[in-house]
């Protein structure tokens, strides 16, 4: 099998799968081991496709469970019109719970509640589990053996991440004692420089 | 319901000065206020809002002022008959306690050892704030079906092929042992190695026989199997007879023996032998 | 909007839709009428895409409900492998049933149930029959004439046995770990403990 054929089969598989495919899954498409190309040949095919897609409507991206072909971000505005349903909006309570699971996993529901200062409703955990963004990864060895939650590969895929390392950086905690030495307080550079890389304009709703 | 009057609680900050009284001419529909109050994700969120609104640093909250504002909101929520989560009241108590401790003069000389009464609250506020921010960051990530659309092209012959599961002999035997232990079959040793080959042969013989047609008895035996094989087949036939699974007929002594699988119509004279 | 942009939006829509799109649906993607391209411009974009796809893994075809992008028929063999379902492991109930058929054949379902103390589901018998490990060897001559089950040659082949005699006796079963010397249960070279999911040839190498 030559490089061109390999590329065609890889492209066909990625376009038809409707889900990300990793190298093993791509190899399996070729049949049993005797007819599978080398992994390097696959990587070359993926790179060649990425080149082909340059300037086109689609691109190849790598997420947690493999490679997927998706519409370029600049075209999402148009493509989104294909579906009449508005994309689901998730409540702040759900997103905060998800953030705690993502950054502090494995974590129990009680620990999430400690940080948020309010109870976490059962329906939120249920939604996160049903969406397969979160799963039970074990039980904490304390009375009641509460479930420990962690995020899934589907979570990473959904948000276009290869691994948890790619999550936006968590703000650092400042020590109360640092206040006394770091006066004046109003240094505009100090408190927020460690904040998230992409500053979303999302705070607007707080005023 | 009338518009609430809250003398102490600033509804807005105008040029740095909190507007404490709701202007008489400004009417906030109760519904809108309710929606506003319901947007808070709990006491920490409400406190953060109060602090941020005044551009205060979380590390240096004026406890007395913030407590007063917080209590104002709590009263308002109660007045609006919003279902007030217990956490809000717990926080109110915590604020009151911190406030009172702040008023106590600190013993001179050991400022370092005496923790700031606000420390725990500040830690919790910061902790909550960073995850609140993280939630907003996650919300801003490009999301599948909202910002990202995966190619999904029609494939020819999209049929699902079910692969067969694999089992090892050991797994099979372990499963069997467990079933036996439950059934106490171990108590009766009526299955011996020898009978296994007989049982296999019983199946083989039965498989070759038909219910509506006789088979020559001698054809059941394969001489090439040797004496042992012939004996096994014979035992199998006897066992099948005992279990009323086959019919054997012989027209007269020394005439050929014929065998057929048992069927209900022929076996009516028999007392049905169920397995023991 | 120039022809290139129009083509990109059309391509993005067709690739992401997951269903055929007709001209009206494609137009709607562009927004309201004031910004929609001419229908001829759309047709030109579709023709240009068809040219682009020449020699590639996909093609544009017109079907009853509109246009759709599909994987070329020549690649069906490979792409079809994407939907091969991973095998599910057999249940303990199934293994027990199979073992009982092996040791006590010919045996009826009712007799299996007597030993197991629970009912044997129809689907278990169906699976065993379909797998051709078990067959109906006759019927017991009692009311209802229940089927008598026995194992097959395929069963012996699969488990690497020459005859049922090679199965351990019940006495031997008590200490299954001592069986390793007599039976090809555990080949130290192939890790059977982790079992099998993708190892169809696993038993062959025991012979």
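Brief remarks follow.
Here the chain labels run A, B and C in written order, and each chain numbers its own residues starting at 1.
What we mean here is this: a contact is a pair of C-beta atoms (placed from the backbone, for glycine too) under 8 Å apart; a residue touches a chain by one contact, two chains touch by 3 or more.
Only a predicted model underlies this, so the values are computations on that prediction, with no experimental measurement involved.
Central chain (C-alpha centroid nearest the global protein C-alpha centroid): B. When C-beta pairs in contact are tallied for every pair of chains, the largest tally goes to B-C. Once the centre of each chain is set as its mean CA position, chain A and chain C turn out to be 29 Å apart. Separation between the centroids of chain B and chain C, computed from CA atoms only, is 24 Å. For this pair, chain A with chain B, the centres built from the Cα atoms lie 21 Å apart.
Shared interface positions of chain C, defined as residues touching 2 or more other chains, are 12, 15-18, 58, 69, 71-72, 75, 79, 82, 84.
With touch defined as above, residues shared between interfaces to two or more other chains in chain B number as follows: 149-155, 158. For chain B in complex with chain C, the touching residues are 149-180, 182-183, 185-186, 189, 191-193, 196-197, 199-200, 202-204, 206-207, 209, 211, 243-245, 261-264, 267, 270, 272, 274-275. Those residues of chain B that touch chain A in the complex are listed here as 39, 41-45, 49, 52-53, 57, 59-60, 85, 87, 91, 116, 118-119, 122-124, 126-155, 158.
In the complex of the two chains, the chain A residues touching chain B come out as 12, 14-16, 18-19, 58, 68-71, 73, 76, 79-80, 83, 87-88, 90, 92-93, 95-96, 98-100, 102-103, 115-119, 157-161, 167-168, 170-174, 176, 178-179, 185, 191, 195-196, 198, 200, 202-203, 205-207.
Within the complex formed with chain A, the chain C residues making contact are 7-9, 11-13, 15-18, 21, 25, 28-31, 56-58, 69, 71-72, 75, 78-79, 81-82, 84.
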